[in-house]
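Same chain, two partners: chain A is paired with chain B first, then with chain C.
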Partner chain A sequence: MSLIEPIQFATLVVLVLNALGVAALIILKAINRSRRRRAEARKRSHMRLISRHVAFEHSTDPVPAKAATDPAFIDALIDVRNALAGSDLENLERLVARHGVVDELVSDLRRSFPKVKRLRAAMALAELADDEAVPVLLEHLDDREPEIRVQAARGLGRMKWTPAIDAIVARFGMETPWVRARFADTLIGFGSAATWPLVAYVTVNHRHETAGPVAAIRTLAAIGDDEAVKPLIEVLHAGADPEVAIAVIEALGHLENPMAAPVLRSATRDADWRIRAKAVTALGLLADTESLEDLAAALHDPEWWVRRNAAAALGVIPGGLDRLYEALTGRDHPASEAAIEALVDIGELAAARARIEEGNGRTRDHDLISVAEAGR
Partner chain B sequence: MPKILIADDSETITTLLTTALESNGYEVSVASDGHQAYQLGIDSEHDLAILDQLMPGLLGIEVIEKWREEGIETPVIILTGVDDERTAVESLDRGAVDYVRKPFRLPELLARIRQRI
Partner chain C sequence: MTWARVLEWLGYGVLVYFIAMQAYILGLNLISTWALRRDHHLNRFGRVTEMLSSRTTPPVSIVIPAYNEVVGIVDSVRSMSLLKYPRIEIVIANDGSTDGTLEALIDAFKLEKVSIPYRAEVATAPVRAIYRGRGAVDITVIDKENGGRADALNAGLNAARYPYVLCTDADVIFEGDALMRAMTRVVEDRERTVAVGGNIRPINGSPVDLGHLVKAEVPKKLIPRMQMLEYLRTFLAARPAWSAMNALPLVSGAFGIWKRSAAIEVGGFTPGHMGEDMDMTMRLHRHHLKNRIPYRIVYEPTAVVWTEVPETARVLRRQRIRWHRGLIQAVREFLPMTFNPRYKVVGMLTWAANVLFEFIAPIIEFAGWFIIPLAWFLGVLNVEAFVWLLLLAFGMGLLNTLNALLLDESYGYFDTKTDTARLLVMALIENFGFRQLTVWWRIRAMLGGAAVKSWGNMERRGFVRSVSPPQAPPASSASRP
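On to the complex of A and B.
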């Protein structure tokens, strides 16, 4: 009896505590839901107000005194901003300036905490892309929080503030891969204005670091500016680190400029198989007919990855099919395997079958089918 | 008072357009998806419809097609994404009278509306 009573009491306490916990959770959820609904209603009301100010330059509809501190007002401003273009944006910018929105956000960003508030301010400044925010965004490229550094760069990118390009590029080498990738997105948005700062960064840094220059080279490839071709070739000639060289070769393939063909042909004979594998792929992207000999030679490379890429490249270059058929019936078995794989991938096997069925089959069509069937 | 139907799943766009159009003397009805837009077009006559191309339910172009099948000849301006040249051309082929790319300029959109009413 004396033992059962404490157990019953403890069970009761646990049940009561559980019930209280559940009740607290339900109340918190209800409060949150109601808070969210109120914020949504405020946002809708702000959106109507902002729309009137945008539609009529001299609208006299009063804006609440503390609108700039209300996240619902900021969200509404951002939504309306993203829906509009041209002179309507000027009306919106006037509204932003008149109510000190940027100043309020800048002051939130400059706080030391809480992080959520600072991040919200950085995101809002990036979205609003107001010129007044340039100094604070530049300053926060060095913020202690990576997400805020990313938002600072994004905001400068949205404003197309080209003087910021050097500052963003300069941080490539010191950033984490995630931040570097987001910085790269921003630089791609700048387009060819970012080409020379990136080229300069690669040229100066490729000898003593890898991650930064590799990211910069990939960014150059994504921008797609032919101005980068010559400097990238020079980086290869300068005997770059293999990772950098691989990135350069990939970029040269992506840029599809014929000027890069000779250096890529030389790279098909590099001692490093990874470089050879990338070089043959790049030559395929260039569709360079003068590279047929080098690609045909690469079909006999000791590394299967190089052979496979060379065969795929020959499949897309005019005249390359003949080289694949030659390899198909040659004595080098690995080269023949690479050739058949590429011929199947580009639909040549099916085409050969169709030609034979139509009565137009050539000797090489029969060769292809017999090699393919023998391989099964 | 000319009557305009706006259909877009973005509340920002419908609020903006409603505010601008009402202030310019138009009567506005709003739909937030393709089915609702189709039904509003069937239920009452409009002088013009501004339809977003990418709406839940029915696409803007599909709403036009279904209206035309029902004999409803309301002129339609299609709202398209900024890079959606193909949809813009297709919408004209399928009976839209004009198209406007998002993000848009309100004065330009209002001018296009005036031209059609």
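On to the complex of A and C.
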């Protein structure tokens, strides 16, 4: 066989594929165009229908027989639901129950495929937040598909189904970062009901894993419940892993509870500069006036981040401004640099200029401007 | 051995090369199709909304290097400040502009000169001053002496306060949720993700209003339309495949999110490099693979940024020469990685393919312009085989384009019959003239001589405004696909 024959054959195959490709593209574009238009029209008509049923409980407008299996109807249902409250919402829930929408979605979710249908069902169940879906959502917290686990937790969160908290927290350590972040959002939505399960999780696990406890600590910080302060301080005292310690210090800062001040002050002298840097920031968030000395000392820290954060913290604590001005004109050049950045950030430079223009300028205003203009 | 015999053997060599290249393109197409289908459903199910409302979404610094961007910079910054994202800061590195870029920024954002320390973790040209905004937009401007695009990006990296840095251009238009979509890939795995690339699309001819794209349209002019096909092929039929294999050779400069600590660890962007984005991507691969540090560099096709591409052959020529010089620099720098098993898929496949099919291909094609007539003259050219091969090459190229267009259909950008017709006709005719020109420009880049600058001198025509009148042409770098 000569070389030409296989080349000819390959060329003919490729040309046929090209012809098929062109045809497929033209047909696909036409189909998609008409599908998009029809989907939009169907959704609009479903929304009108659902709105009528919501407004008049005994509306006689017929709902299509296969509404529960129609994605456009489900989308419309979700859109209307998210805009409702009170008795209107109850009417919508009755409509959902009457047409077996939840049952249909539950059966879709329980299928083993197709994935897209299962995902759509999980998301719709999460959005509709119907109590009937609780068992199936709990069941799918450990689904093989990460997005379905996310939607299951989200649905339970929207229903404020507190018995689910333990199940969600228990999966923290074994989840992918994406799912963990979404679980954290759900737990934040639960509010203080999630505090103790998270505290228990951190206390038990912080010695032998990092990612899960760090995420749990950040979730506690976002929840903002003071009940978490004492256990978090204990975690810090227990000599936690540096990553965990950093998360705890950040959380203590966000919780803004004065009980944390002593432990944070001692953290400003930690050997790890990252812990020192986070501790000075946390003290700033606590606005703890007893920490002024520690923060002023941190202005002379060998690490840039610690100095910068300490200066920023001094900028927001009563009495801290005097310490910044002292550092500004002091002999320690790095401390002076940190001080001027903080002073500029809190608007002191502009304020000093204004005071001078008004004739109320003080010596330190002139000092600040001269240091700023010298570009130290 | 006679000349005729040499030419015959050369022909067999080229045939083997041709088969390898087509197999490579076909392979990328198949893997990209699989990867896009695999991820497509995820983007329809609320991931972006969840990120937007989440309190754990990491903050991002947007770094914009600017050189003589007075016309578009203010609109551009305003549009970026409106991106759907919980927490961003904007850092502009003014690289010694002489057209009043800095003054425009000071005026628009009420910037105040501040004498704060500048921490040069990566060395840059001297910084003249730092400005901070006191308005609603968290904006910092680093006014520095001219040092080129990479140097300006390094200044931005130094000044960025957040752990992830979006490096972009001053004249692009982001889709509202583009940053959020790209950052979903970071949140998927914050520990390992060191870079995320976005999808770049040509905006020429599409109407823009108040910094937002009104409707995506296929460019009406031929040169931008041809580039649109190139961008579609690159971003839909190749990059998803590389990303799926964690072997992405390039995170494009117009939309690249970098983990700040990782970028600084490898020394920042290389000043003076013509392809600083490719250089950074490859250095991150090399660093992590060499030191056996787990990492990933990914591409997100749904994170879309729109950019203006050259409309004239003169500007396009300059851009292509600059890109190819960047590739030459990179090939020289990363040659030891080629076919080196230590660098896994990146060494054995990505970089090897880049050297073989990006760097060497124009040389072979250019040589063919002379060797084929010579072989015909000497009577050793099998004309029939040559014609069939030419037809096969044409068909394979068209197949690649058609696959990219089919993949693009999932995103529903081009809806009208006219758009479809324009793209199909362009797919048929791009091989006649445009292809040969790009080969010639690449050869020019190898030969040297044509002076190109790091900033590129892209002549902007201004976006087509749907309400307000068109603006005067700005000048800046253009984005490599």
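Rule of thumb we're sticking to: the second predicted complex is superposed on the first by the 338 of 376 C-alpha atoms of A that agree within 3 Å, B and C clash if a C-alpha of one lies under 4 Å from a C-alpha of the other, contacts with A are read in each partner's own complex, and residues count from 1 in each chain.
One rule holds for everything that comes next: a residue touches a chain if its C-beta (ideal position, glycine included) is under 8 Å from a C-beta of that chain, and two chains touch if they have at least 3 such contacts.
Nothing here was measured: the structure is a model prediction, and the numbers come from that model.
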Comparing the two partners chain B and chain C, which touches a greater set of residues in chain A: C
Which of chain B and chain C A:277 touches, first, second, both or neither: neither
Contacts of A:216 with chain B and chain C, given as first, second, both or neither: neither
Partner chain(s) touched by A:4 [first = chain B, second = chain C, both, neither]: second
Contacts of A:82 with chain B and chain C, given as first, second, both or neither: first
Touching partner for A:129 - first (chain B), second (chain C), both, neither: neither
First (chain B), second (chain C), both or neither touched by A:48: first
Touching partner for A:28 - first (chain B), second (chain C), both, neither: second
Chain B versus chain C as contact partner of A:232, first or second or both or neither: neither
Partner chain in contact with A:15 - chain B first, chain C second, else both or neither: second
Common interface residues of chain A - those touching chain B in one complex and chain C in the other: none
Complex contact set, residues of chain A against chain C: 3-4, 7-8, 10-11, 14-15, 17-18, 21-22, 24-26, 28-29, 32-33, 36, 115-116, 119-120, 123, 147, 150-151, 154, 176-178, 181-182, 184-185, 188, 211, 215, 218-219, 222, 304, 337-338, 340-341, 344-345, 347, 349-350, 371-376
For the chain A and chain B complex, residues of the former touching the latter: 44, 47-48, 51-52, 54-56, 76, 79-80, 82-88
Chain C residues within the chain A interface of the complex: 15, 41-42, 45-47, 50, 53-57, 112, 114-117, 119, 132, 134, 184, 187-191, 382, 384-385, 388-389, 391-392, 395-396, 398-399, 402-403, 405-406, 409, 412, 415, 417, 420, 424
In the complex, chain B residues that touch chain A: 10-13, 15-16, 18-20, 23, 102-108
